[in-house]
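What follows is a pair of complexes built around chain A, which joins chain B in one and chain C in the other.
Up next, the complex of A and B:
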């Protein structure tokens, strides 16, 4: 009897550390840069591929909006997220997440730009012409859908958008911001070049109807950042799979669906351009909430 | 001698009193203004616009302004007659809803200020002049087609227009340009009279219907929607119609805003502003309405990605 009790105790002692520490699944957050349906459609095959190759279930969750990203990351006990450049910079500064990998788009770039655009028939050619108009932004916590526009306006002498514009609103996604200007629901828009170019490649009327007034410097493309406390074994495994998936035929297929040629290693230094842009917009990332 | 002097003094006194008594009335009479309004057809979009126009005037303290409303049938002679009537009674300002009646008023070569509302693209059809200003209701046809394509593949698009309405013709041309980029065929269907809606069925295979801003087309909306339903053709329109919200996709400038913008311009002109000093105003309030109920009844689905764009959904 004593022997059986000792055996069971030994079994528990031996197996417990594995149960406690072996991570069986990873929960990654997605920023709603496109509408959430398209976003899930884009990332789901990538998550399945990672799950299969890493032997760890990779689950996705859409962060319903950009703002309060730090609070939401903690509240949802996320292990990581595909952050855009501003939320990435916020997460690195405030939570110490580690940038692991970012995609190289089909055009060969691993960076994005912000566009400020108007309808070609709008007669808006300068900041002066924008006075009293209606502006659409994506979200206060996006570099390409807000931060650059604020920096651009500051540099052109506009410090109070509430006074300068008749109205402004946020759509929550880049494609929505683009459609708002196309439909004349807004006069001026700000959104990410990759989404703009993707929509324009599918619909040639978009390039004819929209005119880009200004564009930002290059900013890091959506970057997978992982929580510091995840075991380095898992971090390295996930990162390795991403960095080498272009060498695997199955990985190539997934990349094609995702709209990228490969993933490259990401570093905190990639975000220097974002910190610089924030300074130009007179925003302190350490304290910036990204919400109204 | 004395009596004649008294008589003269009395006469002067009488005349002075008369002038004094009459003068205020003359001033008041001069302040009583008359505004002639022309809206073509019995279209809810224009009715809504007019309601907002008069309400704004009242709110701003111009409720006593006399408004003469003309509702001509959508044809050239009726539009001209309506404009001539208002010119004959010498109204202070002519307000027009829609391009056709605005052009009819311009053609009468009057110097009376003209304030238009609900005009899609005034520059494109020559709505310009010293005594003219107004509010523009342009919405991009390409957006409507983009949303239609989200519902169903379009190889052949029926475009309902009227060949006597310049603006409607311009919209057909605009859609023609878009069709070259997006690769579909435009089937022009001329609707001048209600019975012309039969032409829709006779136009061969269509994938969807685009309703231009033509008054004739919008007056026949009920009959058009009946044909669309029975032939499972999704519809798109640039004029919001709350009385019959059966159009599947509507992208429209708010009629209320258009009416209010016209009222603002009228008030400024009543205060002495020259119309050409008031530049035309673009609509800031554009509504995108999806009728999911109608769309589902036809057996189509609007992708959720598109639904999220709507400013209003009918379920």
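Up next, the complex of A and C:
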């Protein structure tokens, strides 16, 4: 009898910590860099890997657009998000989130650039040629899909895009912006180089029919930032898993599917290039909402 | 039969294998059909899932407008499920028509995803957004339409397959039932046939064993089969016949053994040799059917072995001729290596030559009689009626010869015993007479005194007669003389009567009378020794015995009592019946008693305490006399207090009934 009692007690004592972890959940937001379904498919294996290794359920949620990112972060009670360079800078500045890690892409870079591109047959070679044309941006809250283009236009003397262009619109995702130009729904587009190159590798018409007329300096790749209030234990655990997953065969597999070589540690200083770009675009990140 | 059983079992095995194969074939066929049906139903479920998912996404599209907020996750999940459903379809085998439609749906799904993503993420003007919404919705509707078309085709296929499956199930059921019934009845027929073929000889065998069990040995069956059972039953018949023959032999042996036992048993009661010869000869004639049989033994003068009379099949004259010199007889014994001599077919080798020829001997057997390793003689058996003498005859007659040897020895011992018994009896009688005379001797002085008194009177009156002249006085004196003479004659007569040696005379006697006569005989010495007599005679029945011998016993005891009471005393005599079978006689004295250390020895012959006055025979002879009367004599004594003798004698048998 005593043996059975001790056994039950031991079982409860042993199972308790796991129960505590099982109840914990981390909700991470994903910005719509590309088609939201593809984006979800890309990040889902990574989330499963983190859940399994960290003992904390990692759930993903799609943020439909870049703008109002701070408000949405609060409204959805997110614990963190994979931010792109501009939304990352905004979140760091206004919410104090902590950048933890960012991926190193298959080309060995942990940075991205912004492309301004046109169709090859559009005869647009300079800012002058753009006048009265239809422009497509990704979102006002993206550095590669909007901020660089605004900075580029400012530096080329264009301060009012409403008047300079016939029409401009936001697709919400980089691939949509690329396809908008490719499909002739827009004349000029702005998008992130990694998405552009990835689509170009799959779809040869992109390389053939689109022409890059400008590109930005290197900006930080999508960075995982976590809420400050999350226990440092969990933050460190997740960061550690990401930083060492390239050493684990299972992790390596996930990374390959994700399209990265490894994760490296991220710091707030990585975003200095974004702040510079914002200044060039005459945008104050502290006040910038990323929406019209 | 074995072949038939193996073939039947093989046929049954084939039948069941065929049945099993058919069953498995139809079960597989039906289950395959059912699997297909289940798969089709699962596909239908997939299709329905697809439709539901598309409809869900579509409803979100229309109901939520451009602001999806939190519901975006739901849409993403639904689209993922939708995509999965569409992908799953391509994993199955379909007709080209269906494969093409599935491909279309998958393409549409991809387009739908693209359109949805664009619609969801686009933040351009309202018009543009609405246009994107319509594009996405249209693709969704197209997916629904295509799915419905597929559902129609799938339903048609499903119906066809269901009808085919039901038909298959129905036909399989009939075929299975027919197969099972067919197998069952064929198996039943085979089993019945095999059972009949097995049980028929078995019951025949059972019947035969029961017959044998009830004693009908030799019973044979008449089973007419051609299989192993026939062999078995033939073997059984042989066994039954052999059993019967053996049983007959056993019975024959038992009869012989019983005869042998009867003959040897009679030897125990036979005490004279003639009876032994007769029993052996006639007994053997019963055991072994022969014409001549008898015993040959060594003569008293030990020179010839002669045939003894009586014998079976030989008269006295023939027997007298069978007289073989000892050396010849022993030579024959030695030449047979001391084993029974059997001659069945060699007339020239007959051991006794002419003697045997004269007796018309055809076959002969001599079984040697030995005693303590020495040859006593032989049992001669000749002319067996049924065939030759056998080894078994030899064994049985050998046993008999051993018993004859013992019986002859017994007869000899009995003869010796009889002689010794006669001598012993004679000695005992002499002993009793000597004891009797000794007892009389002890009384002699007193008896002489008793005789002397009448003699003195006779002499006195004789002197008076000489001087008397008166005839009357003379006559009176002569009368006194006559009276005293008669008195003296009585005493002498009594003495003579007692002392006379005469044979044992058993008759019914009254102990009280015997005791009175003894006391009268001892009256004078008792009186002279100042011994008072007290008598208590009980009402006792007659006993069977010799009055004279019992008188001797009582006189011996009373003489001893007188010797023990020299200074006077009292003598008590009591007769009584303590139980219905015996009479008790008690003789007590108040003498000096017998010391304990010699009490146990008083009945020993020649043991006496009277020194030269006694012979030591009185009590020992008394003990023997009481023993020969089937009685008992006991003594109790206490020094200086007295001695008590108790004699118990059985009541006459005539008195008991």
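Criterion: the second predicted complex is superposed on the first by the 269 of 292 C-alpha atoms of A that agree within 3 Å, B and C clash if a C-alpha of one lies under 4 Å from a C-alpha of the other, contacts with A are read in each partner's own complex, and residues count from 1 in each chain.
The definition used in the following text is that a contact is a pair of C-beta atoms (placed from the backbone, for glycine too) under 8 Å apart; a residue touches a chain by one contact, two chains touch by 3 or more.
Fair warning: this is a prediction, and the values are worked out from it, not measured in the lab.
**Q** For the combined arrangement obtained by superposing on chain A, do chain B and chain C clash, or do they fit?
**A** On the shared chain A, the partners clash.
**Q** Which holds for A:49: it touches chain B only (first), chain C only (second), both, or neither?
**A** The answer is neither, since A:49 touches no partner chain.
**Q** Touching A:184, do we find chain B (first), chain C (second), both, or neither?
**A** first
**Q** Based on the superposed arrangement, let me know which partner A:176 touches: chain B (first), chain C (second), both, or neither?
**A** both
**Q** Using the touch definition from the top, say if A:209 reaches chain B (first), chain C (second), both or neither.
**A** First partner only.
**Q** If you stack the two complexes on chain A, which partner ends up touching A:35: first (chain B), second (chain C), both, or neither?
**A** In the superposition, A:35 contacts both chain B and chain C.
**Q** Would you check which partner chain A:134 touches, where first means chain B only, second means chain C only, and both and neither mean what they say?
**A** A:134: touches chain B, not chain C.
**Q** For chain A, what residues appear in both contact lists, the one with chain B and the one with chain C?
**A** In the superposed arrangement, which is not itself an observed complex, chain A uses residues 35, 37-38, 173, 176 for both chain B and chain C.
**Q** Which positions of chain A touch chain B when the two form their complex?
**A** Residue list for chain A touching chain B: 35, 37-38, 119, 134, 166-167, 173, 175-176, 179-180, 182-185, 187, 203-205, 208-209.
**Q** Across the complex, what residues on chain C touch chain A?
**A** Its residues touching chain A are 68-70, 72-73, 76, 79-80, 83, 113-114, 116-118, 120-125, 128.
**Q** Residues of chain A touching chain C in their complex?
**A** It is residues 32, 35-38, 40-41, 61-62, 64-65, 67, 76, 139-140, 169-173, 176, 291-292 of chain A that touch chain C.
**Q** Can you check the complex and tell me which residues of chain B touch chain A?
**A** On the chain B side, the touching residues are 138-140, 142-143, 146, 178, 181-182, 251, 282-284, 286, 288, 303-305, 308-309, 311.
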